Amino acid sequence: MDFSTDANAGTTGQMMYSWIRDLFPLNRSITGPDTRATLRYLQELLPGMTLHEVPTGTPAFDWSVPEEWSVRDAYILDESGRRVIDWRKHNLHLVGYSVPVNKEVTLEELQSHLHSLPEDPDAIPYVTSFYSRTWGFCLTHREREVLPPGRYRVVIDSQLSEGSLSYGEILLPGESEEEVLLSTYVCHPSLANNELSGPAVTAALGRWLLASSNRRLSYRIIFVPETIGAIVYLSRNLQDMRNRTIAGYVVTCVGDDRCYSLLTSRRGNTLADRVARYVLREHAGAFREYSFLERGSDERQYCSPGIDLPVASVMRSKYRCYPEYHTSRDNLELVTPEGLFGAFEALRRCLWTLEENRCYRATCLGEPQMSKRGLYPTTSKIGSASSVRAYMDLLAYADGETDLLALSECIGRPFRECVARARELAAAGLLEESTIDRRRYAI
Amino acid sequence: MDFSTDANAGTTGQMMYSWIRDLFPLNRSITGPDTRATLRYLQELLPGMTLHEVPTGTPAFDWSVPEEWSVRDAYILDESGRRVIDWRKHNLHLVGYSVPVNKEVTLEELQSHLHSLPEDPDAIPYVTSFYSRTWGFCLTHREREVLPPGRYRVVIDSQLSEGSLSYGEILLPGESEEEVLLSTYVCHPSLANNELSGPAVTAALGRWLLASSNRRLSYRIIFVPETIGAIVYLSRNLQDMRNRTIAGYVVTCVGDDRCYSLLTSRRGNTLADRVARYVLREHAGAFREYSFLERGSDERQYCSPGIDLPVASVMRSKYRCYPEYHTSRDNLELVTPEGLFGAFEALRRCLWTLEENRCYRATCLGEPQMSKRGLYPTTSKIGSASSVRAYMDLLAYADGETDLLALSECIGRPFRECVARARELAAAGLLEESTIDRRRYAI
Amino acid sequence: MDFSTDANAGTTGQMMYSWIRDLFPLNRSITGPDTRATLRYLQELLPGMTLHEVPTGTPAFDWSVPEEWSVRDAYILDESGRRVIDWRKHNLHLVGYSVPVNKEVTLEELQSHLHSLPEDPDAIPYVTSFYSRTWGFCLTHREREVLPPGRYRVVIDSQLSEGSLSYGEILLPGESEEEVLLSTYVCHPSLANNELSGPAVTAALGRWLLASSNRRLSYRIIFVPETIGAIVYLSRNLQDMRNRTIAGYVVTCVGDDRCYSLLTSRRGNTLADRVARYVLREHAGAFREYSFLERGSDERQYCSPGIDLPVASVMRSKYRCYPEYHTSRDNLELVTPEGLFGAFEALRRCLWTLEENRCYRATCLGEPQMSKRGLYPTTSKIGSASSVRAYMDLLAYADGETDLLALSECIGRPFRECVARARELAAAGLLEESTIDRRRYAI
């Protein structure tokens, strides 16, 4: 696993952006044909990925898999027969999981089923009603304000029926059973930052991992509908995940050009948190840290009591914290190849840091004789070279329990330098990796 | 146990004040008939309270019960036969535990037995000599300065003899054996804030507890002479108290109108301390916190090494920290119905907080499906209601080990709201009380 | 062991200074006759000290004992036969462990074997090459600059051959097996602060300990060549040192008049660190604290992973942090009797603090009755004497696990007062020493 062998920023960023452009028009929801089509597209990018179908009604913790939803058409006709709202023009026009409707209503009746944003009058909001049967349309506030009184025909040619919930999963084994989780979601229609940036960056990370020989850690990469998908997935894999996961990241909102964000795990100091903090500070410069009280995606499940996985979220603009969130303005103009690549790099560095974050123990008592190994200047003079000091500091603090990331903070040197120096010391037989339970450090 | 069903401030405050007025003239000491009379008066207020008599000479840890002291009369006559000091005018004129005397002395001899306060020349100081046989009189400094040279007859018609030490105790069982201690003292003659405010507020709290159905916790309320009484009581009840006490308060100096005070337990972070800090901060606003180094009442015994009970003191003006302390100016003008009621309320809220400070555990893995229980808005929109957030935060942090008071600080919501929301979640089957050993949280 | 019975500052300081003056001319190195002679001189000062000889080639952890080095003469002749550098004039002129040489070289060839300090042109630097066979001369930069081109004869009449490494050791048993380590080094030629101040102050401390009857703790005092000597010593004594050492100090750079310094152990909060911090703060006033990252003497071995002894360094000007360090200017003018005595006193107070740092437990439950033991004013008045408060505070916090040093910080009184008061309380039967494993507090 070589940190320095990646494609250049332009190529990788453009590649991710093109995937998003391809997937943007699909009408994803927590179930349905377009969600399935999205997963198939991702499967092409990640050979070896398995698609799973979980039938309607299957129980999962406190939940059960809902009926599958599909839409053929949806519109509202005015008295002249003109489509005043047409789902074919924008997926967001239809409230997610709307039941089938075909009836005439007055404007007054219609209003109670309309959603718009007075404070952002040119944007269509994103609204769903997964667990309460209803129907509705979303439109810009300007469109809404000019609807004349009168009668309207509402047509929703949708279907809610026995079917299945779909998700994708790929397990990449490494030398160790210790596992890193990457989880992203596929359930939002035509939303770019708060949906497609996640699968795109995750797929690119997966492709990089697939291309990397000699993975030390194993990786579990999943594409699930948010909330219900994570719950279904956990209900089927909890034991393995509990036994193996040393760190994980929810990949969401990783596409715009703005500040980086970290949403920590519940406890806030798991290995996932520590690594993300280090990477964002060192490589991305400034970032905003949010506490778990600001959570909003699938870490809600992964970090819940009794599940307790060490999972954080590394983001660009966090969901709910940017003005375009959950509106039609979260589109292909908001995400950029550069924004995507920046997040990809931050997460790739997190994975690399996890890979290299070994625990070492000094092999001999007292300081080793560095000079006989060519690791020490042989003539003592005032002062000593920085590299020698790095060697000696690593040896002096390598107690077999402190991981390299903590050692790096302790001795005040960059993690990358510590990795390189520790490798040299291990090659010289002066450090050995200690086989501690890294789960202790995970949570 | 309903927090909101108490009498109004005026009634309760006036009631406590009238008890203090009744008891003020009695010549309490660590033993004796007036201490016993005080306890009988309190027994009337608290049906079910038991009075105990412990004979002179009974050993108690490093101590033994002293002889009982009683006084029939005490005065000093000048050469003309006039009573220049007369105990019948003020109990404080006589040094506590003065031995019987009837003799003539010169002014010079007399001076070595007189106590006054040059810096507060109109106040009579409060002086005792429980464990060293002597006699003395206290007077204002102005009175002392005008005593003419000459001969004086000193008469102290007191008695020190086999008898007993008296204390009162009432145990109020609750659903749980977990117990809260309220301890106050009866041993100071004619002192209002630093004596009678304590028994008055404690009696009012006891009456409120007696009237409360469905107590979850048990209560141990004791009225003891300070120091020797607490030691005697502990020596007879230590095992039970150690096994059961989750928190306790020494009730003293709870009658004036000034700032609230907290004197913490030795370790400073017991459940008693945490609850008192929360209550004083939220309900009483500003307060002064004193460390255990400033201790001075029976927490000296309760928190001593080997006893280690989680006991703090919630006060208004702390003993030693107000100018009237231990003088005749600590009288019925210093304490007020409002001051008493404020302290009563603070302590009642402490008890209520202890009652409601449960530990909860989430019953299902992952987030529960709130909508099927009517606890969630069914149509997702931008933002979410505060009440939903409170539910979800409680569920997200309810690990079965963090008590509601800590959860309240963690999620940044008032304890009362957490109590209400947690009850709703428990009623919906989403939280269950965890049966942990609350003693872990007590100390 | 009486803290107050020491000689006066002048005598003790002068005595140490005279030892340094005697030993200054010797050509110490990590082995060799002058190191041995130095140890014999110290043995005279410390009757009972054992000298050990460890043969060349003896393995010690990652090292082995090097060949023994001795020098008869060393100089450089110019073309006229004049000694332009003469080792007989200053030991520092010859690079430590220089191999024998007798040959003619050009100035250019010679330059690569010369060491000088352009930034300190009147000082001869101190240079060694213990583990890489080479030779060299050190000189002032001014001398070097005026060397004319031409041919020079280099003569080093030295010997490197089978021999032994020498060290001195004295074990002073006390009532307890708990042991304090004092370690200093003998291996630098003609350097005063960064060498001879260490053995001189250590010898004076040893003489004070020898003269002290009733030592509670045992003492291990060693004089070893730096690094290799400490490693050899540890390799022979590690088990005992691990089992017994509760604190230790490396004694180095204890001779100048400047600020005091503390270099902490690796973990920074061992008993050795805590005691040194207290003593330097209370008795020496301001001091500089250095982290273990600034280490540079034998604590590098004592605190290394797997050895983990609680060892710190109490110094005046720390090695590497004063301008004369490792040059001919670290001489008899830099160290002073006053500087030596100050360091001696600081370390002596550390030892005294360790001796007196007992753990006490209150013997009775609740407060004892002080009056019946004459430890309490018998007539209660407003306020209470400071001594009574000290008694009561010690009793209130004496849980058998908190040592006196921590109690002293907790109750805000000087350690010396706590020692005296605790003794009085123990004599009165109110405190008893608790037999806890002090190693718990050491590391």
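Letters A, B and C name the chains as they come in the text, with residue numbers starting at 1 for each one.
The criterion applied here is as follows: a residue touches a chain if its C-beta (ideal position, glycine included) is under 8 Å from a C-beta of that chain, and two chains touch if they have at least 3 such contacts.
Please read these numbers as outputs of a predicted model, since none were measured by experiment.
Enquirer: In degrees and to the nearest 5, what turn takes the CA positions of chain B onto those of chain C?
Expert: It works out to 120 degrees.
Enquirer: Please decide if copies chain A and chain C contact each other with the same set of residue positions, more than half shared, or with different positions, and reply same or different.
Expert: Under half shared, hence different.
Enquirer: Can you check how far apart chain A and chain C are, centre to centre, with Cα atoms defining each centre and the answer in Å?
Expert: Each chain reduced to its C-alpha mean, chain A and chain C end up 56 Å apart.
Enquirer: Multi-chain contacts only, two chains or more: what residues does chain A have there?
Expert: There are none in chain A.
Enquirer: Please give the residue numbers of chain C that touch chain A in the complex, ascending.
Expert: 61-63, 95, 115, 125, 127-132, 134, 136, 227, 230-231, 234-235, 238, 266, 292-293, 295, 300-301, 303-307, 320, 325-326
Enquirer: Can you list the chain A residues touching chain C in their complex?
Expert: Going by the criterion above, the answer is residues 361-362, 364-369, 371-372, 378-383, 392-393, 395-400, 411-412.
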